[in-house]
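Two complexes, one shared chain (chain A), two partners (chain B, chain C).
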Partner chain A sequence: MERTEITNVLTAIFRKILAKDTLILSDNLTANDVENWDSLTHMLLISEIETEFSIKFKLKDLNKMRNVGDMIETIISKL
Partner chain B sequence: MFSKFIINPIFEAITNFSSNNAFCINEQFYSYEQFAQYISKIRTAIQSVHLKNTNISLVVNDDIETYASIFAIWLEGFAYVPLHPQQPVERSLEIISQAEIELVLDSSLKTAFTDISVIETTSLCFESLNLDPKMVSDETLAYILFTSGSTGKPKGVMISRKNAGAFMKSFGETGFQITENDRCLQCFDLTFDVSVQSYLVPLTKGACTYTIPHDQIKYSYVYGLLEDHQLTFGAMAPSMIRYLRPYFDEINIPSMRYSILTAEASPVDLINEWANCIPNAEIFDFYGPTEATIYCTYHKYIRKGNNKQLNGMLSIGKAMPGLKAIIIDDERKSLDVNQKGELCISGDQVTPGYWKNTEKNKESFFEMEIDGIANRFYKTGDSCYFDTDGDIMLAGRLDYQVKIQGYRIELGEIEYHAREFLTGQNAVAVAFNNQMGNTEIALFVEGILNNEPELLVHLNSKMPFYMIPTKIMAGNLFPINTSGKVDRIKLKNQLT
Partner chain C sequence: MIFTSFNFLIFFPILAISYWATPIKYRWVTLLVASYFFYININPVFVLLLAGVTLSTFIFTRLIDSTKIELKKKKYMIINIIMILLPLFFFKYFSSFNNGIISFLETNNLRWPLPEIHLLLPVGISFYTFMAIGYTIDVYNEEIESEKNIGIVALFISFFPLILSGPIERANNMLPQFKTHKTFNYQLFIQGFKFILWGYFMKLVVADRIAIYVDAIFGNVSKHNGTSLLMASVLYPFQVYADLGGYSLIAIGVANIIGIKVMQNFKRPFFATSISEFWRRWHISLISWLTDYVYTPLSFAFRKYRISGIVLALMITFIISGIWHGAALTFVAWGIMQGIFLSIDALTNKKRIAFETKFQLNKKIWYRFIGMCITFSLFAVSQVFGKVTFINDALNVYLKILTDSGPLFIGTPSTLIFIIAGLILLLLKDFTDEFFPSKFLLFENNFKLIRVLAYSSIIIIILLIGVFDGGQFIYFQF
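Moving on, here comes the complex of A and B:
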């Protein structure tokens, strides 16, 4: 899967879980930039991403994800 | 008290361990020497402002300036009133107005406060050390924490220097051996008082405090700190540990020496599993309302042993040294063992009261003579009883005690039976008023529920009909409030 394709899928997931129809993902985006993106919604995002891409994150992976860019790289490494 | 147990030990740490790390914030270390410089520059700036009121607001960004500001404020003999940068400005302004604040310390890039004096602490430059403490009475306030009030307006809990000093003295006497070599977790918001334990205990010993940046997801960042920096001591809320539970098989932190569970009741089944992740740690449950300064009772968890529990929650043990715990009935009569009533606490840790709130102060404190000595007690609002060993069993909040069709019900009991059936899934019972104005019970189950009919059969087999939830809500994860507890108000709002 191409990086842009992954970004598109992620965008849909983020918009749905965080209830923000116009959210644009960028590599530097962090939880601090988006209202609602907290421990709870993060957990929901992770489980949705795991289902959508048929992957399973380790806690170590989650800990390394400091922004959306890291998240995309981690997904690529799992595919 | 405050000098002896807080200020002096921190000076000793600054003197004796000046090159030790005091903080690790966002992967950056700050030595005790640097910390002293940050405190000095902020203190000098505070001294340049003429203040009539002794309360100073602090925007708690959890950076080095934030922590240094606390001590700069204390050295000047003032009290800090934390404002969370992520809470609505309107709420902050309400607190500023109530506490009669004239000065805000803010390390934000751009401060949100315009109509009040603000010291932007990141723009200050260090010139010279300025650490001689002003001598003020122990009755002076150390901090005021505003919590949600039932009237909709936040209410301020005043904690005096005596209260804070008494807490540090008592905590020291419970036997924790923290040294300058320890690495300690501080994962609580500075608007919540467990944060005070989390930074004071390391700083008074020359140890290093590890914090969580606001832009990071708390549970995974905490795990990163535990693992990467091999932390040795930390207080955590059970709700956060529950977030880590799906990953317990990956977690192994042999460095952990002491693990404190606090902020809410500790489920024994969760601790049993958590204990395997921290094989060398001694595990404690600490209980305490903000009004009795951080913690007031504690209980040690026994590995592979029989742990006292009520409704699946660990006993909160006995009062800490220097504190008295009693359980009273509605007529303020002290109760015997195994009789359930309201837990009340007295001692030097008990707050002088709520900030300018006569009504609430009348309601929450009372005097009682015990063995010829007058004691001032704080009513915790928690429903408890003493077992035959004198250990306190926590049944839940008195506000979680609801009356349905005349029956008095503990929501904790319903939750216990639901969790027992759900094995590992969390469940929270909430009372709500239906359209008729009658009280009903809703049960929230965290995550997906495939077997609702079986759950109901189970509940019906354990409890009388009037305790069976009339509504079951499942599918989502539970919201957590800023204190790290399950947010029951948000859950309840989902019902309307």
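Moving on, here comes the complex of A and C:
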């Protein structure tokens, strides 16, 4: 799967979970930049990403995701 | 030695001068010696526990880093967490557990072999234990390399501004600061004094004055009517905020004066418009610690249950938070209430946001104000459990508030007048910081005269209406 394709799928997931129809993802985007992206919705995002990409994260992966870019890299490493 | 004691006013200037006079390479030694002196001054015996936790943490974090085998890393992490939790459990919970069994068996005419025990809680143990656990997990998660110098680890765990009541700092913020060779930072130095001044104001003018009224009412619930209990219940959250918030500011300010940056512990919590936002502004260091080391692993483990898993993780996390505050059913009830409030918040979050966006409510002042009032009320209701000794007392307080109205207990009129005056000042500063961060500046004003007047006024207010024979800080008991 291409990086752009991953970003597109991720954008759809983020928009759905965070209830933000116009959200645009960028590599540098962090939870601090998006209202409603908090520790509660974060785990819903993780769970949705796992289902959508058929991957499994480890707890250690989560700790290393500092922004959307890290998240995409982690997903790529699991595909 | 506490921040509001005369001894501290002598200790700290001597330390600050010695610290800056020490050759850069050995400044951490000065801080370590001062931190142990500070702690020994409170109770010499308990320093052995502190040293034990430090030694165990140092050895096991080095062991975690020494192996590449995941299973061994995990084993070392778990052993250390158990090792350092043992004293906390023993001193904080064992006597309650033991005495609970005794009274339970006595009601059934049975005998328990152990006598009733009352242990003195080593002050700060709940705080430094959490810091040591956080460091251990960070090393295991490869967020930070284990420190090779045991002196730096000892300083991190015993750092005197933080040891008694936090903020519960993280190794990745503190260890590099203890190791870097810092030059004198004038801005940080001055900022430290400002924090200390405002911290003393919060503690001596606001918290300890409110304490006089709140303790008079809650100390004798049966004698007071619902109106007075309502007043005390509304004031108590402000007391805790001014007490722990004031303590935290003094701690942060003291650290700043010696060039160390420490995380913020409160961010104007009473302007939060939802309970989840409130918990991102209240006792931030504890809540972020619990989020990272308890809530995240739990919600990760339960993630396949989606929102139900999150609710379960929230409930467990806040029950642990309650028990961390004390070994009493009232704290468990307090934790359950927070868990329920936050779960409702999480469950309704999406619909609420959609509703707010549709009617553009978030920008409307009246809507935000209602949100703040509801959030405060929920917190104040739960805090009754944090104040009373038994669950029945809390229920009695609620019942009286709802059914037993009457004239408000005034006591000494000056107490309520000073409480109101102090609260207005405190909330006014929070209000301008929240909504007009670059306007109405007093401490940060460009004109020196206004700055000097602002500092002088606060000092005069502290000296005139501060309570100097007040008690300890509330969080020393936790």
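Convention: the second predicted complex is superposed on the first by the 79 of 79 C-alpha atoms of A that agree within 3 Å, B and C clash if a C-alpha of one lies under 4 Å from a C-alpha of the other, contacts with A are read in each partner's own complex, and residues count from 1 in each chain.
Keep this in mind: a contact is a pair of C-beta atoms (placed from the backbone, for glycine too) under 8 Å apart; a residue touches a chain by one contact, two chains touch by 3 or more.
A quick note: this is a predicted structure, and the numbers were derived from the prediction, not measured.
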| item | value |
| --- | --- |
| Contacts of A:1 with chain B and chain C, given as first, second, both or neither | neither |
| First (chain B), second (chain C), both or neither touched by A:24 | neither |
| Which superposed partner A:36 touches (first chain B, second chain C, both, neither) | second |
| A:60 touches, of chain B and chain C: first, second, both or neither? | both |
| Which superposed partner A:44 touches (first chain B, second chain C, both, neither) | both |
| Contact residues of chain A, present in both the chain B and the chain C interface | 38-40, 43-44, 59-60, 62-63 |
| Of all residues in chain A, those that touch chain C in their complex | 19, 36, 38-41, 43-44, 46-47, 50, 57, 59-60, 62-63 |
| Contact set on chain B toward chain A in their complex | 214-221, 223-224, 227, 240, 243-244, 247, 250-251, 476-480 |
| Interfacial residue positions of chain C with respect to chain A in the complex | 141-143, 276, 280, 291, 295-297, 299-300, 303-304, 306-307, 309-310, 313-314, 346, 349-350, 353-354, 357 |
| Complex contact set, residues of chain A against chain B | 30-33, 38-40, 42-44, 58-60, 62-66 |
